[in-house]
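One chain, subunit A, appears in both complexes that follow, with subunit B as partner in the first and subunit C in the second.
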Partner chain A sequence: MSLPKRIIKETERLVADPAPGITAAPHDDNLRYFDVTIQGPDGSPFQNGVFRLELFLPEEYPMSPPKVRFLTKIYHPNIDKLGRICLDILKDKWSPALQIRTVLLSIQALLSAPNPDDPLATDVAKHYKENEKDAQRVSREWTEKYANA
Partner chain B sequence: MHFSKTYAQLLLTLPPELRESAIQYRQLKKIINQIVAELTALGLSPDILQGVLQPPPPANDKGKQREGSPPASPPDYSGPRVVYELAHVADHVEPRLHVYLQPQDPSSSSTAQPSAVTIPLPLSQNAVQLALAASTSLEAADSPEDHDALGGLDATNGDPSSSSQELIIPLASDTAFFRTLCEALEGLSAYLVTKRAEFEKSLQTLSHDISSAARPSSSSSSFHAYSPFTTDPASISVSTGPLALMHRSDLETWRQIFQLYAEADIFQGHQERFRGERDVEDAEARLAAFTARLHESLANGSLKLRLKQSRTALNSFMELNTFILNLRKFQYVTSEATRKILKKHAKRTALPLAPDLASPFTVSPEPSQHAVALARTPRPSESLTLSLLLVQALTETLLPIIPHIDDYSCVICTSLAFKPIRLQCSHLFCVRCLVKLQKRGEQHCPMCRAPTVLIADRSNVDWALLNFMKDWFPGEARKKLQQNEREAAEEEMQELGLEMRGCLVM
Partner chain C sequence: MAKVPRNFRLLEELEKGEKGIGDGSCSYGLEDGDDIMMSHWNGTIIGPGHTVHENRIYSLKITCGEDYPDRPPSVQFVSRVNLPFVNPVDGKVDPSKLPVLAHWNRNYSIETVLVEIRREMGSASNRKLPQPPEGSTF
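== the complex of A and B ==
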């Protein structure tokens, strides 16, 4: 199956003109599978961390959303132990007008604005709700421990 | 290497007409020597000047500057104080030294009225030397004979309560320095105004030439417009038959040239990592790379200019770009020369650094008068440079002549949105992607999430846009239509449970 024009275009732009703090490169043997890194946003507990993710474009993309997962361990109320991300645009709020680039920017924004009211990792969310300062301290520790580039 | 040499070499790379209006760096350097000589003759060699020079008073109204009170100085310092002023006289700048002399013992000193006296050069030499030697020399400068001799001089009464004496010494060579520099910059401004007008005129001509060389197919007889009343949307086909081939237009070629040009991003960066005006070397390398690519494509036939007027227009296009590049270079050397000569002026004479001069390359609503600008405080440099303005004029005039496919593509498949379907929320998609959305039961518009997808039908075909696309993008429209048909057929087979791949052996 040949690669749709849209995926080729998106890939070209991701490589030639990457968004600040984000890299995405397709695998040579599978052009629908991307290695991604996202820098922790300044001012967040994830600052100075570099997080690795994997991104896969299913056959129906862009009618269906890409599948994205954190590979680097992260202490965040909307990201679970397996790296799965709770983000509406990756699920029911997906729109084919969105792109790989916009998805990754949304994930980067999620790092700046955790949403403990819509948790995926319930224990982390509880921690964030009950004692945000201490939870952020743990997030910083994990960032230093696991996301140290 | 001395800057004067570097400067001369840089100027040599520019066309003679630009070179002729350049700043005379060597001449200005000679004048600086004269200033130093003049100051030394006054007894104010750079070493001495450094010791007595005070920071200029905060610039208030330039006319009143002179009458300001003597600048504050450490209380234990009672020697003469000298302030360097750039007075604004008529249409030029007159630099002068304002000397404040304080009698050591005000009560016992002369009965002379405190006053400020302007002393012309031959006399001032004497006066200043004396003043610096001892404050008793006051009488020398203030004697009635001198007053008579100076006749009608600018002798103003200072603040009567103050016991200080003031001398104003105009600096002739320094005046010549600033006059030469300002005149050069003003001449340059005037020259640039005419060049700008010329540029805009050639741009208009060029715009006209490209427009007629890249006519769309509606200018030929093979073009038939569709309308909702006579046409069934399903029956639409786009042909590029023999008639269309006979129609001579370089539309596609110009589209590709502009595409290459936009990709080359020559004068201004548009990327996430770099935005704004590029430096001269970068722009030069990019223009060279663009030119090389263009020539290569023309040589190997991937780009063909059929019409003679297209070839003339391309040459003119390249000339305008070269002109902008030369202007950028010229701007760079001129501002360097201005900066260096002012720095040298300050360093050699020990006079304070003059405020920044407005660049003749800066385009601002108010007419720039360098002498005026110099006498004022430095102004904010937020205005555009001329080269940037010309780049913008170039891209804004020429590139829109040919519609760009990105402005007419479907956000879902990123191909030309053909046939174009306009949803009730006014968002545009190609018919193929819209059908896919409907088959998935997707209600919401991908752009705005309004529930407009499922209610769309034949009446949502945008006929005007369809004709426009067929007119300006005949090749893309045809290709997209074929692809739509192929995809639809594949989908139908899949829905029937047949896979296209593998089983299509007839």
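== the complex of A and C ==
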């Protein structure tokens, strides 16, 4: 199976020069399928957590965005129970100028800046809007419980 | 072609199932919305018209293992049914007796399995088989 040059280049760079707090490694038997980890950003309720994700580059990549989901449970208004992520650049705001690296950095940034006005997990978003402190407490609890490296 | 990994395949199937497939005679969804590995599914088949199964609603359990979709899912009837490929004791579908499972292809899906089982219910040899009371379970 031949892999487009762009994907080879992106992979090489991800491995040789990883973004801070992010790792991404392709599967040996499917070079479009990556195991990803993202460290919870300092100052966020996800601090000290290490979150596992999976990323897949569909046939149409880079004309279509990568598919990404969390494998580690996380209490966040834009991430649902199955780890699906609500992020504009993974949908209608995707551009082929973006890369795996930019996508993962955006997901890391989403952990620092939850957006309860564009929720995927509506119950979590409601909690964040009504009582942000208490919602953050639950996010911290989940981080300790599920994202303990 | 890019080979879609198991989990992303199952996410696609989930989204398709949530939207509703075909004429509604077959449907499926996750047994537990928290099942991050998406292994356990419920399926429903509405018995085909002009057969002994007409108007019956059959529930099934479908389990997608780690090697799905390279390997077929395992399928078990919850509702009692009399079909040659269903174990009369526990409702398990014998994959060797159901062509869609015996000759599995990576492009098949949970939907394919349900649609094929429904087609088998309406086949000349199965459409008139005597059936257990409606609504009974294994």
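Just so it is clear, the second predicted complex is superposed on the first by the 148 of 149 C-alpha atoms of A that agree within 3 Å, B and C clash if a C-alpha of one lies under 4 Å from a C-alpha of the other, contacts with A are read in each partner's own complex, and residues count from 1 in each chain.
Just so we're on the same page, a residue touches a chain if its C-beta (ideal position, glycine included) is under 8 Å from a C-beta of that chain, and two chains touch if they have at least 3 such contacts.
For clarity, every value in this text was computed on a predicted model and none was experimentally measured.
Trainee: Are subunit B and subunit C a fit on subunit A, or do they clash, once the structures share the same frame?
Mentor: Overlaying the two structures gives subunit B and subunit C room side by side.
Trainee: Going by the touch definition up top, name the partner, subunit B or subunit C, that contacts more of subunit A.
Mentor: With both complexes superposed on chain A, more residues of subunit A are touched by C.
Trainee: If we overlay the two complexes on their shared chain A, which of subunit B and subunit C does A:95 touch? Say first, second, both or neither.
Mentor: In the superposed model, A:95 contacts subunit B only, not subunit C.
Trainee: In the superposed arrangement, does A:137 touch subunit B (first), subunit C (second), both or neither?
Mentor: neither
Trainee: Using the touch definition from the top, say if A:19 reaches subunit B (first), subunit C (second), both or neither.
Mentor: first
Trainee: Looking at A:63, would you say it contacts subunit B, subunit C, both, or neither? Reply first, second, both or neither.
Mentor: The answer is first: A:63 touches subunit B but not subunit C.
Trainee: So, does A:5 touch the first partner subunit B, the second partner subunit C, both, or neither?
Mentor: So A:5 only meets subunit B here.
Trainee: A:81 in the overlay: touching subunit B, subunit C, both, or neither? Say first, second, both or neither.
Mentor: A:81 contacts subunit C only, not subunit B.
Trainee: Between subunit B and subunit C, once the two complexes are placed on the common chain, what is the minimum CA to CA distance in Å?
Mentor: Superposed model gives a least subunit B-subunit C C-alpha distance of 10 Å.
Trainee: Overlap of the subunit B and subunit C footprints on subunit A, residue-wise?
Mentor: Dual-contact residues (subunit A): none.
Trainee: If we count contacts the way the header does, which residues on subunit A are in touch with subunit C in the complex?
Mentor: Against subunit C, subunit A makes touches at 1, 27, 30, 32-33, 54, 56-59, 61, 67, 69, 71, 73, 81-84.
Trainee: Where on subunit B does subunit A make contact in their complex?
Mentor: Residues 271-273, 411-415, 433, 436-437, 440, 444, 446-447, 449 of subunit B touch subunit A in their complex.
Trainee: In their shared complex, at which residues does subunit A touch subunit B?
Mentor: Checking each residue of subunit A against subunit B gives 4-6, 9, 17-20, 62-63, 95-97.
Trainee: Which bits of subunit C are touching subunit A when the two form their complex?
Mentor: Touching subunit A: residues 1-5, 7-8, 11, 14, 33-36, 38 of subunit C.
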